[in-house]
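One structure follows; several queries about it will come next.
The chains carry the letters A, B, C and D, assigned in the order they are written, with residues numbered from 1 in each.
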Amino acid sequence: MALVSVPSLMQDLTAGQGQIDIEGETIREIILNFEKAFPGIKDRLCDGDRIKPFIAVYVGSELSQAGMREPVSPDSEIHFVPAISGG
Amino acid sequence: MAENKEFKVIGTRPIRHDGIDKVTGRAAYGADIHFPDMLHGKVLRSPYAHARIKSIDISKASSHPAVKCIITSDDLPLVEDTITELGETVINLKYLSDNILASDKALYKGHPVAAVAATDPYLAEEALNMIEVDYEILEPVLDVRQAMEPGAPVLHESLKKESMGKEGDHSQNVASHSQRKNGDLEAGFAAADVIVERDFSTATIHQGYIETHNATAQYNEDGELTVWCSTQGAFGVRDQLSKILKMPVSKIKVVPMEIGGGFGGKVQVYIKPIAALLAMKTRKPVKMTMTRTEVFEGTGPAPGSYIRVKLGADNTGKITAAEAHLVFEAGAYPGSAVGAGSLCIFAPYKIDNLQIDGYDVVLNKPKSSGYRAPGAPNACFASECVIDEICQKLNMDPIEFRLINGAKEGDRRCDGPIYPKIGYLETVEAAQQHHHYAESIDQTSNGKLRGRGVASGFWMNGGGRSSVTINVNSDGRINLIEGSTDIGGTRASIAMQAAEVLGLPAEDIMPAVGDTDSVGYTGVTGGSRTTFATGIAAINAAEDIRAQMIGVAANHWELRPSDVKFKDGTFLAQKNGEALQMTFKEVAAAAGGPLVGAVTASPGGAGNGFATHIVDLEVDSETGKVDILRYTAIQDVGRAIHPSYAEGQVEGGVAQGVGWALSEGYLYNDEGHMTNASFLDYRMPTSYDLPSIETVLVEVPNPGHPYGVRGAGEVPLVPPLAAIANAVSRAIGVRMTELPMSPDRVLEAMGSI
Amino acid sequence: MPKKTHVQTEINGEGVEFLCEPRQSLLEVLRDELHLTGAKEGCNNGNCGACTVRLGDRIVNSCLVLGVEAEGQKIETIEGIATSEGLHPIQQKFLEHAALQCGICTPGFIVSSKALLEQNPTPSEEDIRFWLAGNLCRCTGYHKIVEAVVDAAKSMNAEVADNG
Amino acid sequence: MQAFEYVAAKSISEAIDLLSEKGDQARVLSGGTDLIVQVREKRRSLELMIDVKQIPEVNEISYNATDGLVLGASTPCYRIYNNTDIKSAYPGLIDAVSIIGGIQVQGRASVGGNLCNASPAADSIPALIVLNATCAIVGPSGTREIAAKDFCTAPGQTAMGKGEFLTSIKIPIPEKNSSNFYLRFIPRNEMDIAVVGVGASVVLDENHKSFVSAHIALGAVAPTPLYAEEASNLLAGQGISDEIINQAAEAAQAIARPISDMRGTANQRKHLVGVLTRRALNGAVNRVKETE
């Protein structure tokens, strides 16, 4: 299971939990399973079938370039962070 | 400067390939374009900082005999009010379009409201004065904290606060709130023996590139649009033109001319779509150039900011908790660099308990844009000053403090992800060992107060897409076409990486910057990405060529490619006990035709950049004037391809930092009019304001690049503001928290006025 | 269109005639009428030096000279500094010292530096920084520019020594 | 930029005729470093620029030990600071013309232009005031002279009437044991407009122990450059000391009526008048001592 860090501003949906183990081999699967556990999460993270433009996804120390298709390994650490704009 | 014995070309200092054109005045910049039948475009700009545009009457101006066309926002295609991805950034199309030509409201003084094309620039200017605009003047808001107040004038009725996917319920000026949180803040501060909390503010400032914006557009009968211009990214311009004008990208060709500085300010388009629209309507080439005042009032400055930092440390000097609250000026439309500032503010340190809140706030100033490590200088000014005060309270050497708390590979970045191989501590150690730091300074000298300041800085650095095409000529010399506009010597640094792969001297590679029709998609020259990402594309293309030439040699010798070796530009093989060898030039000739290698790459692993700066300065206690006496800048560049140009990036960043710290800043009157929109009163440092700058390049190779390159262009502007503020504060014995530290502010801080 | 004036002058050693309006600056005439675009416009009010040219026996900001004032004058622009012999030592040293990045200010710096070395062959770093204060560079921090001028002075003095 | 006519006048009378005819729609062009920018930035409108640089009288420098200096109004700064007579006799004037704009501006800008532009912050005017300079003006009704301290009447306004223009500036020969000094405060080290400027000239006794007389003038602290009369007078006959110099500085501060603008605040300017007056007086005194 991948370890997902929940952004503090989304912890209202996870009853304050900051880190959650979630099954999934891609970011898409992770988000769908995340939504099952905590309804409402997907709307915060996605516009339809894509990550919202102002959210960036890190798998380990690498900024994901493949969005929902980004592969995830069981020992991955996943971070949803505010995307950098204005640069 | 470490020796790079393992390299032949990398680490040497050849003369840049475009140098002769630039020292003889032959290099063609955007404003040097001339067509015999061209028209000249001029922009009418709002004289008010905040006003509703009730009507625009162009009838008088249209009757001017020299006028060929007048446009307003009505002539721009309607675009939806939605956020879309645009090349490498995301942007709201309505905002993008409204910033080109204001539709319902003018949101800053200098906001374009109409444009004219005429046969002569002076007559175009005359015609502007004949356009009659009926404004309903509205109250402007010019300070971020006031803009956040309930009841402040609202710029956009449709704008609601966005916070990590959650939308606010009412319209106001806060475009977004972001938060980064780790550990237990309360426990962290409880464990602290010393806590410092301070407010900081920095002025709106400008990149100050010497070349003003320009664009020349031509529209052919077959619907093909060509735009010659000064830009950091031709493909980014093409993307923006395509969205704003609703044209397919394939119908647009953007030709990047030589560019006279950008620093982040020549990514966003301003007059390019206007020139294009005027050319489309008149079917004549239309040339536009901005005046310096238009650049100050109408292009994206770097955001002014208000930042509060609270930091706690224990008696051993270990940071126990850190909290930051950043409020950045987005300008007239959302999208300041507060996100990057929030990411960078504590980045050099390992801090277990922290919280960083960032607010993006619109107000009646030009839409802010990037400026060299966007957001990081503002943010690190605040954090590095608080760290210096903590060091004073702990009576601890600031370098020692940074050695205790500095982040290294495996530590967690403030927003969660783990650091890969980084060279922060190496820059701090180099500072500690540097003779500058070893030599102490007298506290006073003939009535002047002296101080030394230290500060560190971080920039994440970018990757992104780059394309390179290599053509091998039959004489063995190489044409290299790249998509990255060359602002500071990147033709050389990219050609040198290809030369290294092919075992050729740098002079045998002839690099050229292609237009959007002649090279693959390449991101902007920005984000400190060019020598890294376009370099990787060049390396890959060169490796492709090397493989092709091994094939040619094998074929020539009737061997298998696997039998042929390549070493130092020579192809080697053994056949029937006989040693065969051909030079690169011989194989190129043997190929009997061109060899072409074309590559597009989008590498990750840019590798973060860190720097540590030391400054000595002198304060005239009677006038409050600060003079920089000595400056040493230490930076991890991973690997310096062309050390002179890597040093140049650092020296230039330091000079800009001196201006930001001491003399630069937009000054506004109550109506929201900038009162210093010229190089006379917007005071950038001259050669007479600066000492020689000593640069130390530390090389901790980036595992994400074959030669270890890390971006080097942006991080040099991050430490200077705090380094100088720390030195001034230590010299006068009062903490300086407001930029610029102009002489009157220094006198006030000292209680002299 | 207002009436134009006929002007006869000498630019880079060649006799030149042109027509211009009185309001056109020498910079506009050089760039737009004569297509000598080496001199650049950075501020158009005498504060950046990118348009520096030599007028008679001194350097000026060509944005602060009227084209009509060129009548009967001798003008040297960046285009006139390299000769058939090759680059001027200052140009060569700017290249060797990487004293340029974007290059937009470079023509102005080279014209100014040449004037300095002609009247003071052995300037101190202080002299150079004072003399060049009217030329803004935003890329280099001036460090390598000053080094280049110091080195150019050395090599020019060495040449003089060799020839005499 | 509006359209205008240009005439290169060959004689003083030609210039006077054109000025009388066009009135305030004509303007004399010397260095143009202020005028051209003002017209370009629409801060001034005119129909005619009269280039006077080809009129010999306005372009000459003459100095002799009896009459002193006659400085053609259009003589550019670089010719002034390259003149050895002026260097030795009026170092305070050299101080001023060496810091007007950059080297390129100094290749064009003239002291006459600096006077006629009548900026409160003009660098050369305080230097001229303390040298007792007079301005030679010609016009339809002949020639007259005005003291430099009375030449500017308001920002951009001078004592010259319709058809008149400034041909030269006259400075008497310096007295024995005298010298002069000008300095300004700016945020950068070059290229700025004075936040405050102060000129000082002093005449000392043979032993350089006391002031025989002194003159102090201030820039950028009032609508026109100011002659600080009380501050100047209180030094006459006094022994040289920090106390008396401080008193003069305070007297100078007392007449400063500065405004706050993008170049400095009123408080800052008031404070700087004191600092710079002290430095200018000490600078002038030290020059007398050095010339031994």
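By definition in this document, a residue touches a chain if its C-beta (ideal position, glycine included) is under 8 Å from a C-beta of that chain, and two chains touch if they have at least 3 such contacts.
Just so it is clear, the model here is predicted, and its values are computed rather than measured.
**Student:** Would you say B-D or B-C is joined by more C-beta pairs in contact?
**Tutor:** Of the two interfaces, B-C and B-D, more C-beta pairs touch across B-C.
**Student:** What is the distance in Å between the mean C-alpha positions of chain A and chain B?
**Tutor:** About 29 Å, centre to centre.
**Student:** From the mean C-alpha coordinate of chain B to that of chain D, what's the distance rounded to whole Å?
**Tutor:** 44
**Student:** Between chain A and chain C, what distance separates the C-alpha centroids? Give it in angstrom.
**Tutor:** 58
**Student:** Got the chain A residues that touch at least 2 other chains?
**Tutor:** none
**Student:** Among the residues of chain B, which are close enough to touch at least two other chains?
**Tutor:** Touching at least two other chains: 122, 680, 686, 688-689.
**Student:** For chain D, write out the residues touching at least two other chains, lowest number first.
**Tutor:** In chain D, 1, 3, 189-191 touch at least two other chains.
**Student:** Judged by the touch rule stated earlier, which pairs of chains are there in contact?
**Tutor:** A-B, B-C, B-D, C-D
**Student:** Write out the stretch or stretches of chain B touching chain C in their complex.
**Tutor:** 13, 15-16, 18-20, 22-29, 31-32, 34, 66, 120, 122-123, 207-212, 258-263, 289, 291-292, 487-489, 642, 644-645, 647-648, 651-656, 678-680, 684, 686-690, 692-693
**Student:** Report the residues of chain D in contact with chain B in the complex, numbered from low to high.
**Tutor:** Within the complex, chain D contacts chain B at residues 1, 3, 185, 187-193, 195, 261-265, 267-268, 270-272, 275.
**Student:** Touching residues of chain D toward chain C in the complex: what are they?
**Tutor:** Touch residues, chain D against chain C: 1-6, 8, 29, 31-33, 36-37, 39-41, 49, 51, 53, 76, 78, 101-105, 107-108, 189-191.
**Student:** Would you mind writing out the residues of chain C in touch with chain D in their complex?
**Tutor:** 2, 5, 21-23, 25, 44-47, 49, 52, 55, 58-61, 64-66, 68-69, 71, 112, 115-116, 130-131, 133-135
**Student:** State the interface residues of chain A toward chain B in the complex, per the touch definition above.
**Tutor:** 5, 7-10, 43-45, 52-55, 58, 60-63, 65, 77, 79, 81-87
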